[in-house]
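Letters A, B, C, D and E mark the chains as written, and numbering starts fresh at 1 in each.
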Amino acid sequence: MFPFSFEWAWDMSHYVFHGGLWYALAIIGLGMTYCIGKAVIDTIQGKGGGHH
Amino acid sequence: MDDSALIPKGVKRCPFRQFALWIGIAGIVLLWGVYAMFLCWFKGLNQTNMNDAYGFALWIWADLAVIAVGGGAFFSGFLRYLVGKDELKNIINYAVLIGFICYSSALLILAIDVGQPLRAWFIFWHANVHSMLTEVAFCLSCYFAVLTIEYIPLILENRQINKVPFFHNLAHNMHEIMAIFAATGAFLSFFHQGSLGGVAGVLFGRPFSYREGVLIWPWAFFLFTWSAAAYGPCFTILITKITEVITGKKLVKDNVIELLAKISGWMIITYTAAKLIDTIYWAAVTAPSMGFTIDHFFGTSIYGIWILGAELILGGIAPGLILISEKGRKSPFGLWVAVIFGVIGVSLNRWVMVLQTMAVPVLPFEEWYLYIPSWQEVATTVLPVAYGVILIMISYRYMPIFPQEQELNPID
Amino acid sequence: MDGKGQESGPRGILVLYFFIGFTISVIIGWIIFPKLLYSQKKQPIDFNHALHVESVAEGCESCHFFREDGSFSGIPKLAQCIECHESAMGENPEEAKFVEEYVAKGIEVPWLSYSRQPDCVFFSHAAHIKMAELECKICHGPIGESEHSRIYEENRLTGYSRDIWGKNIAGIKQNSWDRMKMDDCAECHADMGGGRKDACFVCHK
Amino acid sequence: MKNEQGHHKTGKKYGMVIDLDKCTGCGACMVACMAENNVPFKEDETNKLDNIMWMRVYRMSNGKPFPDADICYIPRPCMHCEAKHGHSPCVSVCPATATDYSHETGIVSQIYTRCFGCRYCMAACPYHARYFNWWDPVWPEGMKNYLSPDVSPRMRGVVEKCSFCFHRYQLAKDKALTAGHREIEESAYQTACTQACPAGAITFGDLDNPKHAVYKLKHDPRAFRLLERLGTNPKVYYVTDREWVRWMADNYQDQEQKAKG
Amino acid sequence: MKIDRRGFLSLGVGAAAGIVVTPLPWKLTDDLSIWTQNWPWTPVPADGEKAYAKSVCSLCPGGCGISVRKVEDRAIKIEGIEGHPVNDGGICILGLSGLQTLYGPTRVKQPLMRSGNRGEGRWQKVDWDTALAEITKRLAEIRKAGQAHTVACVAGSDQGTVPQLLKRFLAAYGSSNFIRTPSIRDSYELAFKTMQGSEASAGFDLFNSDFVLSFGSGVIEGWGSPVYMFRANSELRGKGKIVQIEPRLSNTAAKSDKWVPINPGTEAVLALGLAHEIIKESLYNKEFVEKYAAGFESWEDAKGQKQKGFKDWVLENYWPASVANITGVKPAVIHELAVSFAKASKPVALCGRGQGNTPVSLFESMAIHALNALVGNINQKGGISAVPFADYINWPKAPADAVAEAGLQQPRIDGAQSDPFASRYLLNRVVNAAESGKPYALQALLVWEADPIYTLSGSAAVKAAFDKIPFVVSFSSHMNETAQYADLILPDHFYLERYQDIPTPLGMAVPSISLSRPVVKPQFDTKYTGDVLIQVAKGIGGNLAEAMPWKDYEQCLKETLGDHWDKLNAKGMLIAEQYQPPAWDKAFKTASGKFEFCALTAIGETVSIEGDKESYPLTLIPYDSMRLANGFIGDPPFVIKTVSDRILKKKDIFVEINPETAKQYGLADGKSAVLETPRGSARVRVNVFEGIVPGVIAMPRGLGHKAYDKFLAGKGLNVNEFIGSVEDPVSGLDAAWGIRAKLTIA
């Protein structure tokens, strides 16, 4: 799964497969980081207070 | 107990006791399934009626089927966020919820199905990138993460949770970039739906399911993606309609349903055409080159040729035609028939790709293998249904799943 | 429902709670967990490798030798020990104990093997010693210089010796002999074979 | 697998040729295999779909009525297929790389401790050469005594199959290395079934080595392989005088038989 | 400090965040998977130094050389010895699974005395002193009462030191009732005796034959020395022809060049039909028939009466048309077979159904042997020869006291050896004798390497007979049917734990001796049967003690083998390689000094079976398979595992039946049916099989055990329970080849 694993190979199959995989994971990860991060900032800035 | 503080504003829900009663009933079924699940985990897969000829059986079928019908989530998301069919926002929440249930069920079933669940993570850690199943596992898990991300804002929109500023903001932000998640989800879904077809399609030792294709992908790969996109919405519509019947309320406007139905219809028609071509090519070219004729593949009774006809005509042409005709999809009866046939049709396709593949004798001195699932298999397969019912009940009760509900069912 | 919770304290308290939880976990994870995970056993006899190596002619292979069929003998059997220790040779109380309890009664010594690989592993000493001419030390460390037997630690869950993997609970290794997990075999093989992957069966049975 | 291409030339291709006319269907190969490889057994073994038998002798019948009926026994070990790109049907599908194709020996491995029991490989194998451990292996009182340390007993929940007695290759190699040479003689590595076969029907060796007996036998005009047209490229050959067996083994239909000869 | 909901949540989040930066979750996940790889309940076989111990397998009389792989003191695998004259590296399915019996739960682990009813399976564990005291006391009492002749012994063989010790013990004790379990050996020995005048066992040089005409002999079903026959069968490929005459497409039939389906029980008629054609076409070996055979041509006896010779007898009585009528083999086939058999350069005809565990009628064995004589392939390369019994046991005659002499005066319980045509041993008659108490009631029975309760036909009658014998002793090292039915079990060492001499295996054409050597230490508290005999003899004292002068069995064996001992220990097998069967002019020890065709014409006809055609329209025949051991040892778990699901499914046994017959009786493949014979009825399942003569039902031998462990017991039916013994009026042997039966829908 990881390039440091001994089963890893630098060949086309791995590029394509893991390329796609890590790309998707990156988007999910970055997206969520963004959402959570921004939510923290928003909250500190006092947005979205309880009752509206 | 009064849970009115948790119920969304402007909608009416049944009394809590009634709710609890039904949860309880579903819960009993769930517990039965959980019991069977633990039996399988602690005693091993000898609890099932699977055998060396049927290494894949009811569970894998259930897996493929729920994922196929759960395809409504990605395809509605795809249509809503990427194609821009804005009306679908009124059904997308429910599509996401159904998808979430389907995919979590699929993962659960897989966790029971493997012989060594404590080592199941090897599929990731020691991934063989050449295996369709690896692709399934990765995309399935990633897509499940996406579905979770899509489902979370719904939870956060619960009246009480939404009061917490952080959660409110989080939900808001997630909505903001939902298109990106949806796009990722569509990308992942394309691959894992396909690779589920690939799972069977690459088996060159099993001429029944083997298909030629492009690059590493057999035709079954594309047919699976296509069929999931085609029939997933049928299932979304079906569950929505059932929910409407049970709640006694109209929850989604007809134009939304009809739009989805129409798209589904065209997808089904094109899929069926493709499937027909695939079937003919397979019967005329692929199989004979491996020494098989079509009558080799269909035995008597439950594995008879009727299954192919049923899949293509009843599960393909019939619902397709109904849904593409305006009259058909607008008639409540026509819609019901179409979505039910559609869902059965795609489930039948998955059944055939799993069970028939296993049953067809390949070695010249073999016989047709029959298999009847054990109660443990049935219970664990029913488990997700109970779990889905419970999750839908809870979600419907406490979360604003249907944006049009208030409008369609004004209180006072 | 209780809506007052949010007013019960300043945000700082929440951060404090967070760190308390964090710290407790860290202590559990790094200190208590390894202690619980491994059991400690003493070798039946405190063996002095250094002393033995001095008095034999052919180094390690005097006692740990290859059999004719190419298999490796591993820890010597009683019969071999008896060749010298028919009766006590010296004054050492451990030797006296050995002679009394095992030699005299003819019972095999239940040595605990620090480097026992699990049953699924086929380790060919011949391939490593005869063909690749590796030194024992590369995998076993300077055990030949030890004067006492270490405590043998066994993973309660897996039954592995701690020498196989877990000496350093974070998995960090400083010497080639600190870990003997598959990754470590693979690492060395990749170095030797120019990045070549061996087939699974080469080392598995 | 591309980075292994370079090793193809030095590699061996161990395989088998089984003379079906000599095979008597006595079952010695099956038991030799079970005894050699610590294969477990259970109280009721009459369900042939859940009993583990790496080497299984099947019975083919020509389907003709009395008195023209004929039967033929066909021993079926793992075929150690080498289809396109060195992918046997099972190796390419295993998601966790628990089975692989060795270019050194041409043998398809199965690593029980890596396998997590998804059974995809079983679905992929047209020969039913793979077996799942539906039960924990249990040996009756005393019988654990005969278990061999050369093959590790499998736990419940994993797939197992014929390994061409790979441990014998390992041991032969160790012996050779200790004796100071690297090459293994033909006779130094033979599978348990080959060795046991009382009829001498099984021959084992390097299919690519002209000095090995199998090399000549596989070129016999009466030689064929099971389900050859699937493209599995198996390494187990069969020889028989009986034409109906050869036709049937590869699912040749009547009209195809006529067309072909 | 009050922790509220949010504080608690915060603590939890912190703890969760903290734990992921420690090794705990990761190490635990890893270790849990490693735990599944090393489940403590999955055994790990101990490793150690390996060694190979060579010996000879004695699970059957085949005499294969075996090499047992050991790790330290555990035997882990049995293999054949490469280059061994009998098996050359090959080994049969039963031999391969010997270790399962050695170590398995069916072993009798120490002497046992019955504590419940017969066969109930309740035992009292006793030590050897008690056990030996018991048998000594009982035998001494019988002897004292002047009943010495009422003690009998059943053994699996009559060759080798242990059977000879048993015989000697009985002789000194005062009984002549040593009885060998019946088999095709009896038929061959009798045919040799009557036609050739020699006391010998049969040897076949199949390796050099070019036409094997087998009358039902399961050459690859375990007949003779199984692995030797397998090798011969393989060797014949492409060099010679094998024709199998049998009612059923057995493995042998399927592997042969031609299968000739025949009505069961009519083999002798077909043989004579072939003789008819051979004589008619004048294809017989003139040199042999004219110079070295008697009774071929008709002659005038001393009284001047015309006696019909074999030639005229056959020509008159065995016309192809009538033979075809009886056997179901078409005249054209008979002719063609006869011609090709006679024209072959080294043809040989074999008799003995299946594995040959049952004798055939003397008429049948002689008729088939006559074919060998006609083509003159007796004592020739590629033919059949009379191999003399091994002669290394040269003990002085056992001393007899008055009691012994009186006992030996009494007739044998089975009436065997009473006339030239009577067999040497007639175990089938012991059943009737024990049951009826005539000529006298048996007081004690010793059983060594035999399981008559399971293997004899008419199991119910055998059991009833056993019930009349007050004292049954079994020496079995594992709990078989007879052991289970005994009063006292004195377990012998199992074959891998002991020395045992094995004389020429059946079918080998050259005399030989093999020596089994202990491969492992005795695993349990067992004892050589030889030692038991020596000690009991000493216990009874007098002439018995004198007859058994040895310290123990090993000393006896060593002294008996003399010079051979060291060689056998080194080589495992000694073969009289220079042995050549005597030439025709010296071969026949008959009155005429020639091969006597007249012996055949003098005796009766084929033996018919029990049951009437009206009530039982079908014929049940047993059949043998390598995968079903049916002798004194039952299938070990490995072997029963290989049995087809068309023979055994769960606990149901399948019987084979021709589709036509099945249709006639409304029976469908796989479905249940009720099998009925005059001896009993039971539920079976139907295996519709194209390879069987219509009207015949075939049931495998070797199932239906009641003893042994859960892996074997209770599975299927014992065909012997459904077949009654039918005595050959000439030889006295049980020549039943089946029974009339009926099969109806269940």
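Here are a few things to note about the model shown:
One rule holds for everything that comes next: a contact is a pair of C-beta atoms (placed from the backbone, for glycine too) under 8 Å apart; a residue touches a chain by one contact, two chains touch by 3 or more.
All values derive from a computational prediction rather than experimental measurement.
Looking at which of A-C and C-D shares more C-beta pairs in contact, the answer is the pair C-D.
With chains reduced to the mean position of their C-alpha atoms, the one farthest from subunit A is E.
In this view the innermost chain, defined by its CA centroid being closest to the centroid of all protein CA atoms, is D.
Subunit C has its Cα centroid 49 Å from the Cα centroid of subunit B. Work out the mean CA point of subunit B and of subunit E, and you get 63 Å between them. Inter-chain spacing, taken between the CA centroids of subunit A and subunit E, is 74 Å. Our note on geometry: subunit C versus subunit E, Cα centroid distance of 55 Å, whole angstroms. In subunit D, the residues touching two or more other chains are 3, 47, 59, 61, 97-98, 112-114, 136, 152-153, 155-157.
In subunit B, 116, 119, 122, 125-127, 130, 134, 163-164 are the positions where the chain touches two or more neighbouring chains simultaneously.
Listed for subunit C are residues 6, 69, 71, 118-120, 197, each touching two or more other chains. Of all the residues in subunit D, the ones that touch subunit E in their complex are 19, 21-22, 24-28, 30-32, 34-36, 38, 41, 43-48, 51, 53, 57, 59, 61, 63-67, 69-73, 112-113, 136-137, 139-149, 152-157, 192, 195-201. Considering their complex, residues 1, 5, 7, 13-14, 16-18, 20-21, 24-25, 27-28, 31-32, 34-36, 38-40, 42-43, 46-51 of subunit A touch subunit B.
Interface residues of subunit E facing subunit B in the complex, by the touch rule stated above, are 29, 32-33, 35-37.
Residues 2-8, 10-19, 21-25, 27, 31-32, 34-35, 37-38, 40, 44-45, 49-50 of subunit E are the ones touching subunit C in the complex. The touching residues of subunit A, when paired with subunit C in their complex, are 5-7, 9.
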